[in-house]
Structure formats: C-alpha cells, structure tokens
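What follows is chain A paired twice: with chain B in the first complex and chain C in the second.
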Partner chain A sequence: MNDEMTSSSLTFSQILSAPVQFPSLLRSQIDHELVGPVLLFVRTSFLSFLVGSLLLLLCSLKLVLPSFLDGVNFLSYGRLFPVAIDLLLYGWAIPGGLALIFWLTGHLSGATLPYKRVLIAATHLWNSALFFGSLALLIGYSTSVPLLEYPTWTSFLLFVAFLLMGLWVIFILKERRSSLFYVSQWYLLTALAVFPWIYGTANMLLTWEKIQGSAQGPIQAWYTGSLIQLWLIALPLAITYYMIPKISGVKIYSYYLVLVGFISLLFFAGWSGLSALLGGPIPAWMSSVGVVSNILLFLPMMAVVLNIYHMFQEIDKTTLHQSPTLRFVAAGMIFYVLGSALSILHAIPFANAILNFTDYTRGLFFLVLLGSFGMTFLGACYYFIPRLTELHWSSSSSIQYHFWLTIIGIVLLISAMTLGGLIEGVAWNDPAISITNIISYAAPFRWLAVLAWGLLLLGFFFFVRLLLLMRWQMIEKRVPNSL
Partner chain B sequence: MNRFQSLFIIIASLFFSTWLGIVVYSYLQLGHLKSLSTSDGLFPLQYSGQAILGAQVYAANGCMTCHTQQVRQVDLTRADIERQWGKRPSVPLDYLRDRTAFLGNTRLGPDLSNVGLRLANAQWHYQHLYEPNIITPDSIMPSFRYLFRMQKIQGETSAQAVCLKGPHAPPPGYEVVPTEEARNLVAYLLSLKHDYDPSLPNQAAEK
Partner chain C sequence: MEQNPNNHDSAPFQRDHEPSSDHSYPPDQLDPSRDLLELEAGNNDVQSHEKNNLLRPLPLWLVTLSMILFFWAGLYLAYYSGGFRSNVYNADLVAWSGGGASAAAAPPDLRTIGKKVYTQICIICHQETGLGVPGQYPPLVGSEWVLSQGWHGDNHLVKNVLYGMQGPVTVKGMPYNNAMAPWNQLTDEQIAGVLTYIRSEWGNSAPALTPEFVAKIRASTPVRSEAWTMPELQAIPREVCTPAAGGAPAAK
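Then we have the complex of A and B:
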C-alpha cells in the first residue's frame, strides 16, 4: 500500500492532481482481463451508432421529403425517430460509457476483473434486449414516454443487465490496490450509481406501474435532465480529467475547483430538467426551480472551464498535434461549453417561450449527445483500443478525416437546428403565420441537417475503416502463431 | 472512514434531494389529484373504451414525436391561446384520465390538447390521416394509409368510407375505409377537449 504511506506526507489535493501510475506489468495484465468485455461494449456502441445515425439521416430526410418511403407503418417518422434516439442512447452512449467505466476503473484502481463470464452474459442480455426492443418499437409497441419508449419487458431486462454490469464495477473496486479516489472516478461512480436509480424510478412510475397522468410530466423531465447531466456530461468530464494528465503530464490545476464543479453538478443536475416544462402543467415552483438550476449549472461549467483552460495552456503544442485523443477531448469540451451556454439561454423564460418545442430543443440534445459525449468518447477510444488490443492505428490521414468531418458535421447540424429553431419559434409565436409557412421557413435549415448527418456518417466510415484495418492486423498477427 | 463509502454517501445524498423534491413530491401531490365535481358533472371527462384504445394507437405510432399536448401559461407566451390550441393553459388535472401523459417536447405540427374541440369532424380526421396533403398542402405529416383498408364496394358505399377525390381517390368500384385502429385513434382525438374551468369550487370536497 504505497499510496497510503505517501498520503501522510503529502496533502490530499497534491495526491489527487494526477491519476496513479501502476507498474506496466500490472497494466498489461489489467488490459488482458478487460479486453473481452470492453471490446464487446465498444462493438455494440459502434454498431448502434451506425444504425442510429443512418435512421436519423432517413428521419431528417423525411422532414423535407415527407413522401419518401411513405405510408409504411414501420418506416413512419413517429416510429423511426424514437428507435434511432434510443439506439444512440441505450445502444451507443450507455454501452460506450460502460466500456469507459470498466477500462478507467480497472486502470485507476489497479485491479483485474473477477468472474468475467457473468459480466459477458449481462452484456449479451443488454444487447438482445436492445435488439428486440428496437424491433418492438418498429412493430408498434412503444410506451411513448420520451426516452423511455421501450416496452416494459425491454426496459426491465435493460435494468437487470445494467445492475449486473454495475455490480462488476463494484467487484473491481473491492480489489483495488489504491485507496485513493482520483477525480475521474467520482464522475464514473456518479454515472454508475445514478443511471439505475433514475432508470429504475422513471420506468417504475411511468411504464411499469403507471401513476396518475397528472404527475408524470415532472418525472419525465427529471429523468431526461439527470440522464443528460449525470451520464452524457459526467462521463466526458471523467475522460477529460484522466486523459489530459495521462497524455501530456500536466497536473490538474485546482483540486478545489474540481470539488466545486463536481458537487454543484450533482446538486443541480436533477432539477435542471424541469425547465423543459416551463409554462406547462406543473406547479409554478417547479418551473422556477428548473430555470434557476439550469442557470446555476453555469457553476460546474465554469469550474471545469477554468481548470481545463489552465491545463491546456501548459500542454506542449506538439503533444496536442500528435495525440488524436487530446484533440477529440478538447473539441468535446468546447462543445460542452457551447451546450451549457445554449441550454442556459433555453431556460430563460422569454427565450424559452420562443425556443422550446422547436428544432433548437432537439439540437441541444444532439449537441450534448454527439458533441460533448461523442467527441470525448471517440477521443478515449483512440487511446484505449490500441492499448487493449496491443495494436496500432494504421492510418493517420483517416484519423484526420474522421476528426474534421465529425467536427464539421456537428457544427453544421447544431447551427442549422439552432438557427432554424429560432426562426420557427418566432414564427410559431405569431398567430398570423400559418403552419404551412412555418414549414417552408424551416425547410432550408432541415436540408442542412440532412447534409450534416451525411457528413457525420461519412466521418464515421473513416473510423470504421481504421477499425477494420486494425482487425486485419489482428488476423495477420495470429497467422504465425497458428502455423 | 473508507473513502469509497464516503464518496458514495456524498453522491447519494446530493442526488437524493432532487429525487425527493421531484419524484416523491409529484407522486404524493400530483399523483393523488381528485376529479373536479361540478354541477355539470365530473371533470376531466372520462374517456370512452374506444378512446382508451385510440390512445394506444397514438402511442404506437409515436404521434408525440411531433405533437405536444400542453397549452402554455399566458405569462410565458400568449401564442398557444391565440393559435386557438386551447381556451386556457393546461393544468395537471387535465391529465388525470391519461394512462400516459403525452406532454411531448417537440412541435413539428400543432398542439393537440384540444383537437377534439377545434376539429370535431371525424371525416376530416380520416381524410387528414389518410393523406395530410388533401387538407394541408405541403404538410410534412406522414400519411397513415396503413391504418386504412381499400375494399371493393359491396352494393352501397359504406357509411364510414373516406371521402377522397382527385389523385388520392381509389379506383372505380373501390372504397377506402378506416380500420379499427384508425376508428379508435379518431375517437381518441375527438375526445381531446379540456374546456372545463379548473378554478370552479369542487362540490364533492365541500360536502
């Protein structure tokens, strides 16, 4: 227990300013244990992203060409859109996040993975629930609760699978070699503890054993808000606080800022979702609390910005150019700041009256999902996949194409949806403007969104190409062994 | 103390406050509202069996992906009332009878809280669901043709046949009729009306 000894001579904040470095033998042993389950999560997440964004491309096309593939039940917009969003959420963001949680927890606690088989069975359970749940949505078994559309048996299986997977993280933590908790682990543990809590509560009250309709609105909003803040934003922060010190050697600028950021995020996250129902059928105090918490989410954002800004100042510029991970993480953090600013604007009542319910609201969700979570997650993949598999990325130009196409895609999508949403909102607020006119005002921006989804997919194909090349390396490597 | 446990307790207690404030409050307060008993009867109105089945069709086809069911407060915006989506802002009581409150979060089309008041004609809804462009040219609403059936006219045209002219008309000797799902859906849409006054004194409570 080396760390215990140093902790007496150094202050708490000094110890926690960079992740613990375990001996390389132990690290490769951890990777060897983790490679199976983590790659399984990663595979699910990339496949879901591919299918989900193809469906969203189709959906965005249907908004401008409604007659395209029209009149078929499983291809109608109202069925495809929830399938796509749920795939991106429960197929991409949650398994992707779990891959990170497992890999980072293993490496931060210096512990290997016990009894892998049950864990692998749990991931297969998750994947099959996802597959059959998506089919059920297409056939028409949706609950129509936003982000909780899966039929009750699917959500129950997902819940059980998640509990099992979470239990395995606890097993790793039980065997940890360091008693210290690095900041990334705070965020990882938060995400891990909060997801089953909110998913279980929300499903229990909204789909499994439905409560009175009059009480469902605030709980829907609480679920969405918590999921966004404590999974889709908490995990990027965990990645950022891990990757910057690891790759560049720069220590965390201020431990106390991290602490303020963490506690304020945790406190305001759940309440912030309520602003989605501003002016809606909820008690007035709930609307007010929603607005205030959303504005106060400025605090964790500023704490993160100050910390990361100072850290990036110290990073050697050549390191930043050489590491795709750092570039993806930096972009993810810029999208996080942009998302926070846009969501504060969305919560201010007079702006909310215009922006709510338009493409702006959806754009904000995509910004968090693809920008903050997506970019940092992909950055982390560029770091941990080669270490897990002991292979390397074979084309740096593909990485460049992937990075820039994704950035351009996200920026185009968000600008189109934000500006289009603003114009739609102003038009909806003028009763003299007919719906036909509103649709025609929105159409150019929706065409841009189609283009943006196309670019995002094109960028992802370059990433898929890298993965396939890596797989080819793996096959070639095994050939001499088998001979 | 074990740092793992203390971290876990910090996370749990901070997040617990939102759970208590939103989930438990909603469950205990909004979850136990009683219907309003006035001299005109109980409000909100009970759904018919057909309308309850129609709400399932509404859910299955993801209508709430594009349509909200909430009229916003006038101190936020007057637009919802001026667009005649409702005579008054929505209140929690309006959703008392709903198995799922289809509040929605996106308006690609109009709000439907009071569509039964605004558009009370079943034939209008059948035409609109079958081919939205008949009613609103350049509409982006998808066609729900799959909720209808084309059949050969046996003797006289059925009473329920959808009145279709021009390019969408069925071939001669045929008619388009709504399936049971479409009839349930329209029954549900027609029963979406919240025009009672929620500020009336509750007579049941006074007794």
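Then we have the complex of A and C:
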C-alpha cells in the first residue's frame, strides 16, 4: 500500500491544483479499502428491504382480509406495520444512504480510509441495534410514536452508531486531496449532518425524556418532514448530480440553479412537515407555515427539474438505453416530481380536509421512500457495486425485469393508495355513509396495493438473483469480501 | 466494451448466459477526464467560465415565479398565522391586526362564536334549520321567545339559556311539553354569541345581545337548581338589551 502511495505521490501537486486528476491507482486503492464497510451496509440494506417489503405485503393483505393470521400476537397489524416501515427506513434507506455517502465521499475527496475499524464497528452496532429493536417491536415494546417506534435503548444505539459514522466521514474530509467541493457533496453532507440532529432531538423530546403532550405532535411532524426532504430527497439529488455527469460526460447545466435548489430546499424542508397537522390542536401559525413551506418547495423541485432536463437532453440516446443507472435515476427523478406535486396537493387546506388521515398520506410517504429514494439508490447500486467488487452484472434481462417490475409496482401502489385515499376521504366527509361502507369502497384499491407489493417483491427477486450470481463469481474467484 | 469506450456504465453488462470473457474490471480503463468528476473541475477556473456553465444565469421566468410565490406566501401567512401568537388555534376566528406580536387580537365576531356554540349544543334539539321538531322541540324561527315580542323580553331569553326550561310552554301558538337543559357553564360571550346568532339567522332579525347584558342578567338572577317554568318567567318584568343598558355590541 505504501508503495502505491509513493508511486502516486508524484501527481499530488497536480491534484492540489485544479483541474484535478486523480491517479487511477489511487482510485482502485480507495475502492479496495471501501469495499468491506460499504458492502456490509449494502447487505443490511437489501436484507431489510426484503424483510420489510415482505412484512408490508402481509400488512396490506391484513387490511383486506382481517382474519388473515388472526390470533398470532406478534403478527398483528399494529406490530407488523411499525416493524416493516422502520425496517424500510432505518434498515434500508439510512444504511443504503450511508453506504452511498461512504463511497461517494471517498471518491469525491480522493482520500483513503482512516480509522476503518471505527466504521466497521459502527456498522455492526447499527445492524445489531436494528435486529434487536425489530424483535422488541414484535414482542410489543414500542414507544408508539410514528417512525420513532423503537424502544429507547435501540434509538440510543442507532444514534451513537450514526455519530461514529458521521465522525468518520469528517475524518475522511479532513484528509481530502481535492480542493473542489462538488455539488453532490453539499447534499450528502447536509443529509449526514441533519440526520443525527433531527433523530437525536426527536427522540430526546418524544421518547427519551417526554415533553408535554401538546408539543409532541409538531415535533413528530417536524421530524417526518425533515427526514423526507433532507434524507429521502437530498440523497437522490446527490446521486443524480453525480451519476449523470459521470456516466454521460454531460456537465451540470447551471450552478446557479443548483445553488438556488439547494438553499431553498434547506430553508423550507424543516417546516414542511407541519402541514400534516392542518386543523389539529396546534397554534394556527404552525400549520400555516407548513402549508407555505410545502408549496414553496416547488422552487427547489423546479430548479432540479430544469437542470436535469437540460442535462438529459444532451445525453446521447445509446448511453441512456444501455445504462441501467441512468434509467433508474431518471425514473427516480420523475417520481420525485410526482411526489412534490402530490405533497403540494396534500398541503392545500381545502384538499387536505379530504385527503388527510386516508391512504393518500401513507401512499405519499411510499412514493418518496420507494420512488424517489428507492429508484435512484438502486440506480447507484447498479453503478458502484460492480466497481467495488470488480465483477460484472451477469444478466441484462434480469436488470430489465427488475426495472420494469419495480416501476409498475410503484406506479400501481401509488395510484391505488392516492385514488383509494381520495375516495375514502370524500366518503368520510359525508355523514350519511357508514364506516363499513367506506371500508368496502377502499377494499378494491387495497387489493391493488397487495398486488403492487407482490410485483415490487418479484422485481426485487430479480435483483437478488443478480447479487447471488455476483456472489457466485466471487466464490469462484476467491475474492475475500463477500457480498 | 471495446467498441464503445465512452460508455463506462454499460461496461459491466453481460448478456444472459453469455460466458463472461472479460472478468476483470480494471478501474484505470476509465476515461480519466471523466473520473472523479473533474470534468467539473474546469468550472473552478474563473478564466474559462465563458465556455462552461458556472455563470449561466437563472431563467427569468423562474425568478419571476419565485417572486410571485414569495409574495403569495407573505399574504397567506398574514391572513392565516393568527399574528404568530401561541394562543391562536384557529386563524379564522382572529382578524389579522396587521401589527406585530404585541398588537392585541381583534375581538372575535359574536355571530362566529355563536354559530360554533349552536352547532355544538343547540343543533341537537332545535335542528340545523332552527325549526325544531314539531310537537317535541319548539322552533326558533319567528319565535316570540327569541325575538322578544309580546310579554317576552331579552332578559327572559338569557334566563332561559342560563337555567333551562321545563313544563308546558306555548311557542307561536303551539303547545310543547319538554325540558331544556341549563347552560350556565357557558361564558357571557358564548351566550351573547349564540343568542345573537339565533336572532339574526334563518330570516330572524332582532338586535344583537351583548356579553355585558348577559353578565348583568346572570348577576341579578339568583342561582337556582330548578329549571324555569313558563308562569315563573312570565311573572318577571320584561327587560330589553339596549346599547345604553349594556354597552355597544362588540360584534364587527
């Protein structure tokens, strides 16, 4: 390793002066050191997605067949749903995002990995907290705060593990050899800095040391809104701004647009969750600020859309056809725009009076989680996993199946939940319609949701097949870092 | 892979069942000018900004649109923030004072308060239409009790709400025999509000009652545990709420 360092040290003077060119040797060295921790978290992320979406399939079945698996305590809806949604969030979205942050920060900083053991210990800590926390939820120990259901010790361990990983990224930034701070890193570091802040604060005030009841609602709403905007949307934007130039060679269209999009996202993200409490027992200004922020989030969305639209126009068509990453990223961005439109609709008081407390709200969350975050994250996985393992994806048809089944699954799920939610909402507002009738109106849409979860899982099995084939190649080649 | 050296992302593809001829994926085969992003590095070079995208201006329509959105946001917050006070839970009940946080809240509209009380309490018997239920609950529309006609005064109406009614009564010439619950736990403002509301809704047009008048009647009526009967009320002399007797109505 030291030899490699010295052999590449000749170019360090070039590295420090822009334009930066990293020696390819350094690049392979970065990958070589990252492969362990990154793949560890990637594995956590995929396993959690598999288990989480299987449980959500069960949950969606229980919504239409209440007698299904009846009488088994730990499989009751009230326990399964939090386990599933927390697995998708803290098992899939956050570790997956962290794996990306490690990989992208390593590459964009051009720094090799210091204190690797801290990172590996922290990922193991996170994984075990996740595992035992999920078990505790199944047994029935839940704080019953939405998205913060884990018992206090679990959330504390997750918090500590995240802080360790965050510190590690700061170490790597300290070592960076590039004077450039690329736009993807703005979003990555924002996400990295914001998560411990919001997760720590929300847990401190809602589960560790409970604040008075009237303040709990706004804090939970603030947490959800910030998590959605500054993790589940910030990371896809980082991926998009990295992958498009990287794969197609097209430059970022306008830096002013990136800047406007970034600053306005930061400014409005934290407030946006409060509109979920429209009409609730909170001071009027809170929900009004939430409404305004949600609608003003149109600006960062528009800035991103303009930039990406112009960039995609410059990409030549064959690249777009051949690159699974670009296709996944493009789909993720389309879902991002759709999600923004639906959340603006959800924030308009008149529409909120109909749509709140129906499947629409939950569908919106799945759209961000599976559509915006999920698609771009999978796109990034198609890019960085082969480069880390130095192996190929062994089947392009599996990639096709994965892509289309996921797209169809998400579109079906979101249409079923938003349209079903609309019908539910209209029915709830009519006092002449009984609750039994409302449930029977929603039933066909909930059956469609069951089908959608099935399709999503089927698509994911094709991805699992690709990963297993890759693992087989690893065993054949005796590569030490197993996936 | 060789034929298309520009396409790095598709490089790790293999067709199904096609034996992989090139297992190695040497990262240094990547085009270095495209790696670690540093096609963007040129952007840092101010001298070359003319040929790159660093200083590309924002589209004018986006700037205009954001101005319009910000203006709308200001208006919206002005109307629906309740002056950013922590004790305002429903911005519809509070007129925007236009001042800062120190400005006093404008007094809420009596009819708005009254409508809320009516829909929470009175609507159960007297119905949304104010017509009551024939033979069971007397109507409020055109009722001499509500409009203070004949021997009925505004004081009777207030006393009625404060301590309730029982026994046979006559309303618009029809006999009723039912009980009305006492509502003396309501505030003066709420009682004045709901009475003002029923006196000006459904075509009724009697003057508003003020909270001060309600307070005066409440103070002058001894506390009782029994509801009123019609003869008891009839024995009490008629009083009318006048601006002189109770101060000007606070309603806008």
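Note that in this section the second predicted complex is superposed on the first by the 457 of 483 C-alpha atoms of A that agree within 3 Å, B and C clash if a C-alpha of one lies under 4 Å from a C-alpha of the other, contacts with A are read in each partner's own complex, and residues count from 1 in each chain.
Throughout what follows, contacts are C-beta pairs under 8 Å (C-beta built on N, C-alpha and C of every residue); 3 or more make two chains touch, one makes a residue touch a chain.
Nothing here was measured: the structure is a model prediction, and the numbers come from that model.
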Joint occupancy of chain A by chain B and chain C, clash or fit: fit
Chain B versus chain C as contact partner of A:L47, first or second or both or neither: neither
Partner chain(s) touched by A:E390 [first = chain B, second = chain C, both, neither]: second
Chain B versus chain C as contact partner of A:V411, first or second or both or neither: neither
First (chain B), second (chain C), both or neither touched by A:I120: neither
Touching partner for A:G270 - first (chain B), second (chain C), both, neither: first
Centroid geometry (CA): angle chain B/chain A/chain C, rounded to a multiple of 10 degrees: 40
Partner chain in contact with A:V464 - chain B first, chain C second, else both or neither: neither
Which superposed partner A:I282 touches (first chain B, second chain C, both, neither): both
Partner chain(s) touched by A:V160 [first = chain B, second = chain C, both, neither]: neither
Where chain B and chain C come nearest after superposition, their Cα distance in Å: 6
Contacts on chain A seen with chain B and repeated with chain C across the two complexes: 179-180, 281-283, 289
Partner chain A, residues of chain C touching it in the complex: 4, 6-10, 12-17, 20, 22-28, 30, 32-45, 52-59, 62, 65-66, 69-70, 72-73, 76-77, 80-91, 94
In the complex, chain A residues that touch chain C: 18-22, 24-25, 27-28, 31, 107-108, 110, 178-180, 182, 242, 245-247, 249, 251-257, 260, 281-285, 288-289, 291-292, 295-296, 298-299, 302-303, 306, 318-319, 322-326, 383, 386-387, 390-399, 473, 477
Touch list for chain A against partner chain B, complex: 62-64, 66, 70-73, 76-79, 81-82, 140-146, 149, 173, 179-181, 185-186, 189-190, 193-194, 197, 201, 205-206, 210-222, 226, 230, 263, 266-267, 269-271, 274, 276-283, 286, 289, 349, 352-354, 357-358, 361-362, 428-431, 435-436, 439-440
Chain B residues within the chain A interface of the complex: 2-4, 7-8, 10-12, 14-15, 17-19, 21-23, 25-27, 29-33, 58-66, 68, 70, 72-73, 75-77, 79, 82-83, 89-110, 136-146
